[in-house]
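Consider the two complexes below, in which chain A is the common component and chain B and chain C are the respective partners.
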Partner chain A sequence: MLSYFGNSLLILNVFITLLILYFSSSFLTSNVKFDYKIVKRLILSQLSITVVSFFTLLFAFIITDLSIISVYSYSHESKPIFYKIAGTWGNHEGSLMLWVLILVVFSFLFYLFNNQNLRFRNLTLFFQNILILGFSIFLLVNSNPFEMIQPTPVEGLGLNPILQDPALAIHPPLLYLGFVGSSIYFSAAMASLISGYRGKNFASSIKSWIIFSWAFQTLGIIVGSIWAYYELGWGGFWFWDPVENASLMPWFAMAALAHSVIILERRESLYSWVIILCLLTFILSVTGTFLVRSGILNSVHTFASDSDRGIYILSFLCIMILSSFLIFLKKFPISDKPIENSNKGIFILTNNWFMVFYLITVLIGTIYPIFTEVFFETKISVGPPYYNLLIIPVLIPFLVLMAIGPETTWNKNSFLKFKKLIAVIISAVFINLFLYLVLKSFSVLTNLIVISSLFLIIYTLIDLLDYFKKGSSYKLPRTTAHLGFGLLILFIGLNHNLSEEYDFNLKVGEIKILDNYEIDFNNLELQDEINYKSLVGKFNIKTLNTNKIRSLNPEIRIYSKPETITYEASIKTNLLHDYFLTMSNIGDGDIYNIKFQRKPLMMWIWISAFLISLGGILRLFNKT
Partner chain B sequence: MKNLFFTNIILLIFFSSLDANEVKINENEIFKNLRCLVCQGQSVAESNSDFAQTLKLVVRDKINEGNSQKEIYEFLAEKYGAWILYDPIFDGKNSILWLSPYIFLILGGLLLFFFILRRN
Partner chain C sequence: MTKKIASLVFTLIVMIVLYTFYKGLKIEVNYNTSDLINKKIESFSIKSFNENSLFSEEDLKKNNFSLINFWASWCVPCRLEHENLMKLKELSNLKIIGVNYKDIKKNASEYLVDLGNPYNVLLIDTDGKQSVNFGIYGIPESILINSELMVLKKYIGPLMDKDLLEIKKEINK
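Take a look at the complex of A and B:
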């Protein structure tokens, strides 16, 4: 029943999208001087139909309608209601439904709020609806969330237990607000090229969308990292895994765009560069989807891969890249305004230079293994050592420039305040020396990273204090985000250098002494929960120099729907450290593999990352 | 003030060079750099599989035999293929991988430099 209803809605939606395309395409050639009234009605019906079809799917998941394949495959009656809801987008079909929903909602909002230029507005609608059409057909033909199953099964297969998690329930919607948010400025850029609606007004119309998508992309990445940290069970939070890289690449493009759009808005120069970034960001977002969903790359996050889907997304991607590239070449603005020449402009361009470098490094690292496989027939892996080695040294000048950049003005003849500069450098160096001598000695590179991030932190804090005194809130968003970035790098650097990790095997009842810790594997308990059985290890960890004992209880869980074994880390968090313990069985014997870690400053890593995103959100409320 | 600053830098370099002399192989670092071949995108350090447990034993044996980190990587790459190393070897085939990001960085820098020159 719900299946028929949902399918009819999806088909209806494709027709309405075609109608919107038909009406808005008239703006491609002639200069139509009036808005078609019907367009507004069509958009409204498109919005209502998509919302209703999304909620139909949600409803099917809530009542566990097993006649629908996606419900059968990813849900189960016994699941808590929260995970039934989250299960809606915890699979390929449902998450694509969410993707289309956000596309439609954003398209509607953009149409609603941009009424300055008729042609620009309708052309943006046109391109946005090409995207909607592409993804709707994909949804209908290849990834139908409402597909029926005959005969109706008795019970569902259940959601992968590692996806049954609050962080992972909100991770896809957050990330999609970022990914799909970039579709708006992709369409707007195409519309701008064709309609000639350029410069300041164009910049203003996309600026909020850029900041919005960037802030939510950041949030999505953070929540995903937090989930990986406690759920995947090895104490890391960033693995330079292809799927993670897929979310990071658009993030760099968005961050570059968030900076250069300021130049376009203030000085009306750099138009073509902004357009390139607009097009690139959404292309990278779809590329990310392709990499994740096609299964072309080996990743820990590949939960739904299928080569047919890969081919569809790849073809769609090629059409997108080719057509946007052709339109760009054809409409390339020959008489762009002279290059930005203020100091601030130069610094913003420098930001873009670095952002593009990070982007290219991650891109090459991610796709290079595909090349070697095709051309040399050798499989290689590109992991953390590659990215760390290439990116970390470049971070040093980047952090310093990030501190002094905002200090410059649009005036060509502004100078830096050298006294402040020297004072900040010296304090950064001294704090670093203190950390170095008190905590632990670390490498030259780490010293430089710590110094430069401290430089950024102190510099930004001075700025922040200044604005609080003056009561002007204009620079609050920027300083918050920059401060967050400086803190993030500092804490990651310290965490990386001061983490203690031990990997060993132990039997129940045994005690192991490692440097400063005494690890007592006290007991093993079997517990029966509603939807899984659990083997709980009772550990007491004594820190020898303080005699403090912490009890940690890692678990091995055996889920029944679907049958899966997961390893739950036990984490004790305080302001300074996380104590992290996992255990796993070795074969069927009574020896367990134990991984114990003491990771400093974990909580502060999350807080600083949230500050970055908060900066973006503050900017949305703080328009000037 | 300036002197103090430079003394500090020199001190730092001195301290860090002391560390470099201390030859100690960190087994966790090696585990992290090896791909668990039977897993989906996990390293040996991260994985709970039997393969990872076995590989850890192999690495520990090799360390005890007095092999260097590099020798262990070479041994494993020969046995299982380069796919097992997360830190790709720098050779002819991989030179594009290692060098091209910096080539782009330099090109970008030159571009920016000419922009600045042209403004005057």
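Take a look at the complex of A and C:
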């Protein structure tokens, strides 16, 4: 029943999208001087239909309507209601439904809030609806979330247990706000090229969208990392996994764009570059989708792979890249104001070069394995050493420039305040020296990273102080984000160097002493939960020099639907350290493999990452 | 001129990348185990399920044909093929070697009590390391080999009725 309803909505939606395309396409050639009244009605009905179809799917998941394949495959009667809801986008079809929903909502909002230029607005709508059409057909034909199953099964297969987690439930929607948000400035860039609506006005119309998508992309990435940290049970939070990279690449492009769009807005220069970044960001988002959904790469995120899907997205990608490139080429060269006469402009441009460098590094690392496999038939995987080697050293000048850059002004004849500069450098070096003495020795590279991140932190703190004194509020978002970034690098650096890790085997009732810790495997309990059974290890961990005892209870969970074993880490967090314990069974004996880690400053890594995103959100409320 | 060259280079790069993606799609990302067919299996030694002994490729030479089947109690599709394995058990010139893959021993034993034991030899690979040598990626998977240890057929996923016929044909050649 719901299946028929949902399908008819999807089909109806394709028709309405075609109608919108028909009406808005008239703006492509002639200079139509009026808005079609009907367009407003059409986009309103497009919005309502998409919202209703999304909620129909959501409803099917809530009532566990097993006649629908995606519900059968990813849900189960016994699942808690929260995960039934999250199950809606916990699979390929449903998440694509969410993707289309966000596309449509954004398209509607952009239309609503941009009424300065008729042609620009309608052309943006036109391109946005090409994207909507592409994804709607994909949804309908190839990844239909409402597809029926005959005969109706008695019970569902259940959502993969490692996805049954609050952080992961909100992770896709957050990330999609970022990914799909970039579709708006893709369409706007195309519209701007054709309509000639350029310069300051164009920059202002897309700026909020850039910041918005960037802030949510950041949030999505953080929440995903937090999930990986406690759910995957390895104690790491970033693995340079292809799918993590797929979300990071548009992030770099967005970050570059968020900076260069300021130049376009203030100085009307860099137009072509902004356009390239606008196009690139969404192209990277779709490339990411392709890499994840086609199954071309294997990773923890791999959805059920299907090469038909891959071919569809790939063709779509191909059309997108080539048509945007052709339109760009046709309008090129575009008269642009030169950027030379501004210090700030140069610094912002430098930021962009760094971002492009990171982007290319990650892009190559991600797709290189595909190349080697296709051309040399060798399977390789590019791991952290590659990224660490290329990214970490480059961070040092980047952090320094990130501190100095905002200090410069648009005026060419402004100079840095050298006293301040020297003072900050000296204090950064001193704090580093202090850290070096109090903690342990670490490498030259780490020293440099710590110094440069401290440099950025102190610099932005001074700026922040300025804000509280003078109330110059336009600085607040930027300083918050920059401060967050500096802190993030600092804490990751310290965390990386000061983590302790022990790996050993233990039986119930045994005690193990390692350096400063006494680990007591006290007891093992079997617990029955609603949708899984759990083997809970009761551990007491005593820190010998303080005599403080912490009890940690890692679990081995056996889920019934689908039958899966997951290892749940037990984490005790305080302001300074995380105590991280996992256990796994080896063989059939009563010996368990225990991994105990003491990871400093984890909490602060999350806080500083949130600060970055907060900076973006603050900017949205603080328009100057 | 530079515009032309730049756009040509750009188009070329994009084309190469997209072409590579396209080719990449065609490649099985999972182990392409079809190359293993008509090749000799590598030497191995896997622990026996019930006894404290090891089973190796030498033991397989005694059989005319062996079907090595990788399974686990947590694997839902394995239940699907179980009935077919029971049917294969009746063939006299085929020995079925079951490798219990990444499983809990107790659950595995219960599974066989519930559904019947189709295996002539039962082995256990708790951490899945030995199975990697056979190119096992997901289970169930089955490999048909002859007495010269040559891989004749490889089945990824549950053994279906048509696979049953193929196996019968192969061993009665």
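Some points to look at:
Operating definition for what follows: the second predicted complex is superposed on the first by the 618 of 624 C-alpha atoms of A that agree within 3 Å, B and C clash if a C-alpha of one lies under 4 Å from a C-alpha of the other, contacts with A are read in each partner's own complex, and residues count from 1 in each chain.
Simple rule for what comes next: contacts are C-beta pairs under 8 Å (C-beta built on N, C-alpha and C of every residue); 3 or more make two chains touch, one makes a residue touch a chain.
As the structure is a computational prediction, the values presented were derived from the model and not from experiment.
In the overlay built on the shared chain, the residue A:T361 is in contact with chain B alone; chain C does not reach it.
Residue contacts after overlaying the shared chain place A:Y567 against chain B, while chain C stays out of touching range.
Legend: residue contacts after superposition of the two complexes on their common chain; A:S443 is shown touching chain B, with no touch to chain C. With both structures placed on the common chain, the touch criterion links A:V374 to chain C but leaves chain B unconnected. By the touch criterion defined above, A:I346 reaches chain B but does not reach chain C. Once the two complexes are overlaid on the shared chain, A:Y386 sits against chain B while remaining clear of chain C. Legend: residue contacts after superposition of the two complexes on their common chain; A:F15 is shown touching neither chain B nor chain C. Within the superposed three-chain model, A:F434 lies out of touch with both chain B and chain C [touch as defined at top]. More residues of chain A are touched by B (comparison of chain B with chain C). Annotation: chain A residues 298, 586-587 touch chain B in one complex and chain C in the other. If you check the complex, the residues on chain B that touch chain A are 1, 4-5, 8-9, 11-13, 15-16, 18-19, 27-28, 31-33, 35, 39-43, 45-46, 48, 50, 53, 56, 81-88, 93-94, 96-98, 100-102, 104-105, 108-109, 111-112, 115-116, 118-119. Of all the residues in chain C, the ones that touch chain A in their complex are 3, 7, 10-11, 14, 17-18, 20-27, 29-30, 73-76, 104-106, 126-127. The residues of chain A lying in touch with chain B in their complex are 232-234, 236, 239, 241-242, 298-302, 338-341, 346, 349-350, 353, 356-357, 360-361, 364-365, 368, 372, 376, 378-386, 390, 394, 422, 425-426, 429-430, 432-433, 436, 441-444, 447, 501, 503, 567, 584, 586-587, 593. By the touch criterion given at the top, residues 157, 290, 294-298, 305, 307, 310-311, 314, 317-318, 321-322, 325, 329, 332-333, 367, 370-371, 373-375, 562-565, 585-588 of chain A touch chain C in their complex.
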